[in-house]
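Two complexes are shown next, each including chain A; its partner changes from chain B in the first to chain C in the second.
Right, the complex of A and B next:
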């Protein structure tokens, strides 16, 4: 079987990615003039939209590297036939990381005069507030800055190391089994380092800093897992989209229905996992019924006493992030069907994008849902960046790592 | 069920077995079943078995569990014996979700196990014919069912040509019957 080693970007794909980026830049510029120059509420709207999209898409792109490291650490072989795809998606961490860093630091250092996003940046308010004062050892500008920069830089550096390790065997295979074993071990160690850093960031501190600190008085121990679950299931969906796209264009000859089935299983399983956290966070707070905790749900849920503006969005997520994937992806046939997987991947990504929207906007503007052209426009920018960065990375290196010791395991993979 | 006649061949190698299965099907013999010490990937496709529908059964049992749990708890806490628990509403759905979930899982898995046992005709105190004792140890056993027209010698020599090591003809009951392994050897 002839294998097409190098991806050539179809003209249509390139046009789309550039057009989306163009639309996005236009939306940011327009948004800046419509909202970014107005009063503090307008500015909050503008910056919160940037925060929402940059954090969401950065975490989604970085989830691909988590996929690579998790499977590497588990000495998995099944993903080898399409591993270059998540590798390529993870290169988008560089442009998205730079954008996210600029946005996050601008919001944090802009302080409460610029936006009403991070309340804890207002020093006078912190002085007068025992709760915020108690948290100031963690929630302070210096630590925020250092930790945010370290997070993004190390994601990129460790990810780049994983990518380089994968690419360095393209030219020359292994002479002996011992050499191959050593190579696998080296991969394992670097993957482990990435996972450790990933746990210290995405699975714990980074959602606290970037998102949960919007409600600086409130906290939930489920929050980071919840954020991780959202970005991880969307990351898998992005991967599924690219795999299906490349298959349709006649690439990835060694990837077949069996691999797609397993990707579909991950989409299914982690949709359920997300729901588990979504529900657990809600139920614990509902059960305890302590005002300082229930405050989070005031804007998100309607009760007998008041109506939350985000009620519809909150329950709508239950439908598209849980019921949809659960019932549609449950059947074996639907996980092996390109069309179903594509549609469900779009649904899941959109659903979790809305989830992030709700996480941020129900806190910064609890009265009204203003989901509109600005949010979709800015999202287009980030989608365009991911498409552009991924397709560029795919052209530079062979699509299949033919010398990898586990490649045979992937070829004969059978669910 | 009536007793039937089988030609039984045993194999020592997985790869030989695979080829043999394909040849037997191609030759048009009636493959009764293949017994292996462990699950073998792709063997059911090679044998031409259809995909199992046990997961559909599992889904139905699961739905049954969810609805049973929900309706029962609802009846208990809203109609039969309403209690004030921490000022929560009587219809306290979030608190019931874990129980509904657990009951769904319980119904789905117990139901699937029982269905599986029934389909495979396995249960305590019932007996089934073993074509070869070592099918649970290290031998792959293939049983070919004989029809009135089958010539056993011909099938035996065919199996021999595919690489079977031990070949014999057995008269056996295919269904299950009550009995214990140490005493009864024949169905009654």
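Right, the complex of A and C next:
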């Protein structure tokens, strides 16, 4: 029984990824004519949908590189049997990053006449508003642009370095433990650089810039860590989906139920972790009851000053992002079952996609939930891109890094 | 099957020297069976003296009232609550090591978990003293327990995070104690079986609950560990989360901020690991356990310190940034004037905190430093000082200038009895730790044996054959074995 080294994209898979991208492009084009050319509210609707999907899926794809770097720094061995999968997913950061850059910069530079998304881009409003004026040292177009570009470029460049390091050893292994150790150390240096940049972006500045600034007056110190948790648990779920898919197609021979079990544990644990941050942020704002903070949740759960349009969505994602994973993934058996893991991965990704939806739309259109064909259509584009980029990347390099010093530990891994 | 005892030769051994099962028992249990060294007695007596000083300080406080402390009109929480939070924080590493690292299957935890868990229990005991004695009328302390009573409508305030603290900490203490003790049982049985003196056999026999080491016993022991690990994991997070609620649910600028829960937990783990380093560096030297608590162990813990220190750093900077970004005048004042301004009355404490907790741990990016015992010991003390100041900064700099400028003038410094109380808890902590190190195995003998054939230096050469096999060969061997 030889190990199948190279992935060949099944026809059906390719068709699906192209079809989804086609549907997505169609949705964007249609959306542009239906909404994008209308008045400022319509335009806001159109661009907010692009913002929602591009930021969400970019963060989700980038979470794969976070997984690689975190396990590298921890000297983890168990993930080696499927590590090429997150490596492949993280290549999608390039196309997704380009799209996200275009969308973010278009919205920011398009300014107040184009959309009502970033209120702080409206110069007249900033002039008249002492709070926004006070923030302009941070919330200004130049800084936004430079930081956003630097963020995406460095994610990709540092990620590429990690991927190259991984591929470097495909041809030739190590002659001694000392040599192998040197290789591991080299990996940890680059992984550490990625993690530092990740902390300075995903875990702090980037969610402030891209998302929190939509409510330009509002602030919460938890916001970035919360956003991270949401995209991270979704990122793990995307990884799980690809691992299960490849297993079902007869690839990844070295990966077995034990590895899947551990991926399932991460899905379970970080669903709970997300809820922990969700609860902490919500409870503290509710308890202190300071108007400039509660305003955020007013448009999301109460009917006091708003239509209460988002109330259902708000509690619904609590159910599917917390109660579902908690109850279903708690059992040992369900984490080792391909079908359950697949279903739960879809549920988690969808749940956090909805979470991002309310984070953006409850701010730009607090009166109505307009979730519809445009949002799902645009999402199809991004799903298609991830499928296409990942599968292409998987064909280019062996699926198993057979010379890695930890690969044998991964083979005998058991939970 | 040899393959299942395999680990990559890249990894350093966790047990050094030529050890077999018997030698492991000898090395770890021997200190219990011989009389303590002079150094032990010196340390123990100093601890007891400090404890007595603490008892006297509390006696003063109970007899003459909380006025024995220098708390004033705006600073109602001073050293007392700072010390409480500090000790609770230290009590985090033990259960993290035993529970979360068990779930993550980190083999190195076996060298340090026993001492860390003991430390946790003693630290939580110390922490508990502060809110209790702070009550003033301490004989009313049982009022915090909600039970059907004859006090009419007088009930605890379920809306208060201070009450949640009572539940969170007592739960944490109970589960940590169970975890620690159930882990001890097989080792206590070992001590019992080796005992030559009658009283010793009897005492350890009672403590070991009749453990025989049968398969059934082990099976139950393992599943109990897993269940307790599952229960402790959320507890590690919940305790300091609830402690952070004590502050964050309020509307005090500097206290009310949403990042507090996870940031407090990270800080707690940070300080807990620092304390584990302090204790273990001494323990391994005094009890000659360098082959079990190796440089590798110390290095890994230093990695945890640089990680958690940096997480705390991000949280500090996030808070600072948002206090400006939020454009809330009061929040801005608390940070810009009361903390960031070096020349404000307590500005020095903010910089001390930043220096000790965020800047200095960055030295552990370098492997040489992580493996340097002097640097590690010095850093562990520095981090503990820094984390004490973190709580001091949060508490005192947020409340010493309240909304009424007329009450700003008083500069808060502790009285000798406030200091004495704190010093007394050190006495309690070290008295307990000295007793523990005398009467219990400070390293989990059974768990070391569990990893010995995989990570012991003596067994490493057996794995070299595996290293020469190709990945495919190895895979086929393993899969045929199934």
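Please note the rule applied: the second predicted complex is superposed on the first by the 409 of 415 C-alpha atoms of A that agree within 3 Å, B and C clash if a C-alpha of one lies under 4 Å from a C-alpha of the other, contacts with A are read in each partner's own complex, and residues count from 1 in each chain.
Criterion: a contact is a pair of C-beta atoms (placed from the backbone, for glycine too) under 8 Å apart; a residue touches a chain by one contact, two chains touch by 3 or more.
Quick caveat, the model's predicted, so the values are computed rather than measured.
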(message) Touch test for A:277: chain B only (first), chain C only (second), both, or neither?
(response) second
(message) Between chain B and chain C, which one contacts more residues of chain A in the superposed model?
(response) C
(request) Mind working out whether A:311 is in touch with chain B, chain C, both or neither, as first, second, both or neither? (result) neither
(request) Please work out whether A:287 is in contact with chain B alone, chain C alone, both, or neither, and reply first, second, both or neither. (result) both
(message) So in the superposed three-chain picture, is A:332 touching just chain B, just chain C, both, or none of them (first/second/both/neither)?
(response) first
(request) Mind working out whether A:342 is in touch with chain B, chain C, both or neither, as first, second, both or neither? (result) neither
(message) Quick check on the superposed pair: does A:224 touch chain B, chain C, both, or neither? Answer first, second, both or neither.
(response) second
(message) After the superposition on A, what does A:192 contact: first (chain B), second (chain C), both or neither?
(response) second
(request) Mind sorting out which residues of chain A both chain B and chain C touch, each in its own complex? (result) 283, 287
(message) Please output the residues of chain B touching chain A within their complex, sorted ascending.
(response) 41-42, 51, 55, 59, 86-87, 94-95, 97-98
(request) Mind listing the chain A positions that touch chain C in their complex? (result) 1-3, 73, 75, 77, 130-131, 134-135, 138, 177, 180-181, 184-185, 192, 199, 203-204, 208, 219-225, 253-254, 265, 272, 276-277, 280-281, 283-285, 287-288, 290, 292, 400, 402-403, 405-409, 411-412, 415
(request) Under the touch definition given earlier, write down the residues of chain A that touch chain B in their complex. (result) 279, 282-283, 286-287, 289, 330, 332, 414
(request) Using the touch definition up top, name the residues of chain C that touch chain A in the complex. (result) 3-4, 6-11, 103, 105, 234, 237, 241, 245, 248-251, 256-262, 303, 310, 314-315, 317-319, 321-322, 325-328, 365, 367, 466-467, 470-472, 474-476, 478-479
